[in-house]
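See structure below.
The chains carry the letters A, B and C, assigned in the order they are written, with residues numbered from 1 in each.
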Amino acid sequence: MIRFDHVSAAYAVQTPVVRDASFTIDNGEFVAFVGTNGAGKSTTMRLCNGLLKPTAGRVLVDGVPTTELRTSDLARRVGFLFQNPDRQICCKTVREELEFGFRAQDALTDEARARVDATIERFGFDANAEPYLLNRGTRQLLALASIIVMEPDTIILDEPTTGLDFHECEKVMGAIADLHTRGKTIVMVCHDMEVVADYAERVIVMTAGEVVASGPTFEVLRQRAVLERAGLIAPQVVDVSLRLVERHPELAGTPIATANTLDEMVAAIEAYAAGAKEAAR
Amino acid sequence: MIEISNLSFRYREGEDLALRNVSLTIPSGQFVGVTGAAGSGKSTLTYAINGIVPHCYPGDFYGAVRIDGHDTAETSLTDLSRLVGSVCQDIDSQMVSSVVEDEMLFGLENFGFPKDEIEGRVTRALADMGISDLRDRAISSLSGGQKQKVAVAAILAMEPAVLVLDEPTAELDPASSKGVFDLLARYARIHGTTVVVVEQKIALLSAYADRILIVKDGGVYLDGAPADVLAHADELRESGINCPRATSLANRLRARGLYAGPVCRNVDDAVAAVEEVIA
Amino acid sequence: MKGFLEYVPGDSLLHKMNPVAKLAVSLLIIFACFITQSFVALIAILVLDYAFAAHCKMMPQTVGLTKAVAGFSAILALIALFTVPAGAVLAPLPWGYIGTGSILAAVRIVLRLVACAIPLFLTFYVTKINDISNALVKVCHVPYRYAFVFSSTVHFIPVFMNDMSGIMEAQTARGVEFDGGFAKKVRLMVPLCVPLLVSSVRKTNSAAIAAEVRGFNLRTRASGYKEYPFAGRDVCALALACALFAASFLV
C-alpha cells in the first residue's frame, strides 16, 4: 500500500514539481497516472519508491515513511521499471541480469536461482544471450523480468510502452496484467490512453504538479473538462461515445452513451440499430 | 522529389538485408507516414533518404536514391543536408549546444543563411513549436519532450525541401504529439515541404498523413492513402500494427453488415459512420 | 551535481562581458595567485572573487565550489605540512619538523587554489559554452574544429552525469545501496560503467552524424551569427587584471 499525505517535492532550487498531493493506492490495485509532459508524474513515481524524498508531507509505503526505510527494504517492496531499459541492464548475460538484484543484496540462494530459472522459462529468454544485442522490446521485457523475479508487492512502471511496437507492447503489458491478476499492485505512468483504457482500473490525473482527478478509469476518462484541462485526449471509443451523445441527446441513457470498449460499442450500436428497425416496423 | 529505385541495403555487421528491393517515388509536398514493427527496416529507410546510409553506415548498397535529382551515393552528406533536414531518434546526442538558442543557430550559421534572416527564422521556428519561452534555457535542464521540440524546431528553422523525422513524438504527450503533426502538415501544405515521418502511433499517421507506408522485413508491404492502407486490418495486425480504434469500430460494423461506407481514419469519421448506422 | 558547470542565465556585468575578456581576466587572476607569496594579496583576490560571485548571483555555487576545492587542496596542504620544514620548530618529525612556516605553507596552498579556481568556474557559469568557443574562433582565430571539440566535451559532461545518475537510480531501485563505504561503492560502481560506456559510444557516434548533417563541415570563421566586439568595459577589465598581475610580482 502506498499513501501520499500532502506531499510536495522539488529538485534543487526549482519551483516544486509536485504540490500538496494526497492519495492512497491499495494493495492489488492497477492505477495509471496521466497528464502532460512535466505534470509531475515521473516525480511522483520517484517519490513512491524513495528515490526522491518529499520536501513536505509524507510518503508511506506499507504504513512506513520512505524516509525511514533503507534502500534495500524499499527495493524489496517496490519494484521500478524505468522508461529506458539501457540504464538498468548492466550484465553480460540474461541470466546474470536476472540474478543481479539478488546478488546486490547478497541473497543469491538456491531458491533465488530456481526463481531465475522459472522466469527465464516463462518469458522464453535465451539465458546466455548478451542483453545489449537483444532488440529494444526484448530488452524492455528483460528489464521488467529482472524486477518481477524479485517479487516485490508493488511494481511501478514509468512509460513501459514508449518506443515499442504493437506486438512488443502487448507482450510487456500482458506480463504486467498477469502480475496484477496474481495480486500485485501496479502503478503506471502512461501517455498512451488506449493502453490506459485497456489495462488500468483507476486513473489519477495530474496537472502542473497537482492531482486534479482520481477515480475508476472510465469515470475519469469520460470527464471531458478534466481531460481538456490536463491536455489529454480521451481514448477513441470513449471519444466516439461522448461525441455521439453531444450531437444526439436522444442517445443519452442508451448503451451507446456508456460503451467504453470496442466490444461494448459494437454491441450497443448493433442493439440500437436492431431496435430502430423493430420500431420502424 | 524523392526517387528510390530497386534499393537494397545490408549493414556491414549484419547478415540479412535491412532493405530489400524498395522502389518508391515521393512527389514534392507530400506528407508520408512510415510505420512497421521493430526491426522492420523503417529507420534504415529514413537513413537512405537523408544519406546517412551509405555515407555513415557502410555496407552493401544496391540500387539508387535520388533527392531532387541528386544521387545520394554520389553527393556528399553535407550537400544532401541542404536539401534534407533530419531529426534523429536519439535526441540527446543530436544536440550540439548547451543552450537552446545556440542549438537553433548551429545549422543556420553553418549553411550560411543571410545574417539578417537568421533572427526571423529562429523566432518563427520557436514560435511554431510553441517553445519561444525556452530560448535561453540550458538544454540539460529540459525534459525529454521539450528537447524533442527543440530538435524539430532547429531543423524547421532551415526550412529544408525535405524533412525526415524518426519518431519525433516518442516522448511527447498526446496533445504535444498532435501539435507536432499539425505543424508538419502545415509545412507540407504551405511551404510545399516533403515530409517523411516514422511513427509508431498509427492513429496520428492515419489522421494526418497523405500517404502511409507499411514496412515489413525490409520491404514496402503496403503503400497508399490512409483509408486504403487501413482497409487491410488483418495484414496490418500481422505486421505488428494495430489499427486505430476508430477504424476497427467501423470495420467491425462493416463485418456485421451494418456499415458500408468508407474506411474511417479518425474519430470524426467514426462518429459519422455510427450516425449512418443508427440513422 | 545537477547544474555543475552549466550556464546560468542572467544580465549582470559579468554575463555581458566579452567571453574572451572573461577568459583572459580569469587566466591573469590565476597567474597572479601563483606568483604572489603574500597572504594579504591572496585574501584580497579571494574577496574580489566573492564580490564577483555576489554580483552575478552565484553565491550558492561559489560556496559549494569553495568547499570542494578546499577539501581537495587540504590533501596537498597536508603533504606540505609534513614536508616543508620552515619557521620555528613546533613538532619534530623523523625526517624534519613541522614549523610555523609549514603551517603557513599549508594554508597558502588552500587559499591559492580556492582563489584561482573561482574566477574560471564563474566564467563557465556566466558564459554560454558556445559563446566561449565562437568568440575564440572569431577573436582569437582558433580553428573551429578545436573550438567544437572543446565545447562538445563540456556540453557532454552534464549529459553523461545525467546518464550516470539515471543508471545509479535504476540500480538503487533494484536494491543496490550506494550509501555504504568507499570500497563497497567502487565495487558496485564498476559494473555500472558498462551501460555508461555503451550509451556514450552510441551517443558520440550519432552526435558526429547529427553535426555533419547540419553542415558542420561548412563552418568557417565567418559563419558565426553573433559578433563579439570588445567594449569599453572589456578593455577596462583587462587593464585592471593586467595591473593586478603586475602587482602580484611586487607583493
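Going forward, a residue touches a chain if its C-beta (ideal position, glycine included) is under 8 Å from a C-beta of that chain, and two chains touch if they have at least 3 such contacts.
Computed from a predicted model, the values in this text were never measured in an experiment.
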item: Taking each chain's C-alpha mean as its centre, the one farthest from subunit B; value: C
item: Selected interface, A-C versus B-C, where C-beta contact pairs are more numerous; value: B-C
item: Centroid spacing, where centroids are CA-atom means, of subunit A and subunit B in whole angstrom; value: 28
item: CA centroid of subunit B to CA centroid of subunit C, Å; value: 42
item: Centre-to-centre distance between subunit C and subunit A (centres being mean Cα positions), rounded to whole Å; value: 42
item: Multi-partner residues of subunit C (at least 2 other chains); value: 3
item: Subunit A: positions in contact with at least two other chains; value: none
item: Interface residues, subunit B side, partner subunit C - complex; value: 50-52, 56, 77-78, 80-82, 84, 86, 88, 90, 92-99, 102, 105-112, 115, 118, 136-138, 140-141, 154
item: Complex contacts: residues of subunit B adjacent to subunit A; value: 36-39, 143-146, 167, 170-176, 178, 200-201, 203, 237, 240-242, 244-246, 248-249, 252-253, 256, 258, 267, 270-271, 274-275, 277-278
item: List of subunit A residues in touch with subunit B within their complex; value: 35-38, 135-137, 162-168, 191-194, 231-233, 235-237, 239-240, 243-244, 247-248, 251, 256, 262, 265-266, 269-270, 272-273, 276
item: Sites on subunit A touched by subunit C in the complex; value: 11-13, 46, 49, 51, 70-72, 75-76, 78-80, 82, 84, 86-91, 100-101, 104-105, 132, 146-147, 150
item: Of all residues in subunit C, those that touch subunit B in their complex; value: 3, 6-9, 128-131, 148, 151-152, 154-155, 158-159, 162, 202-207, 209-219, 223-226
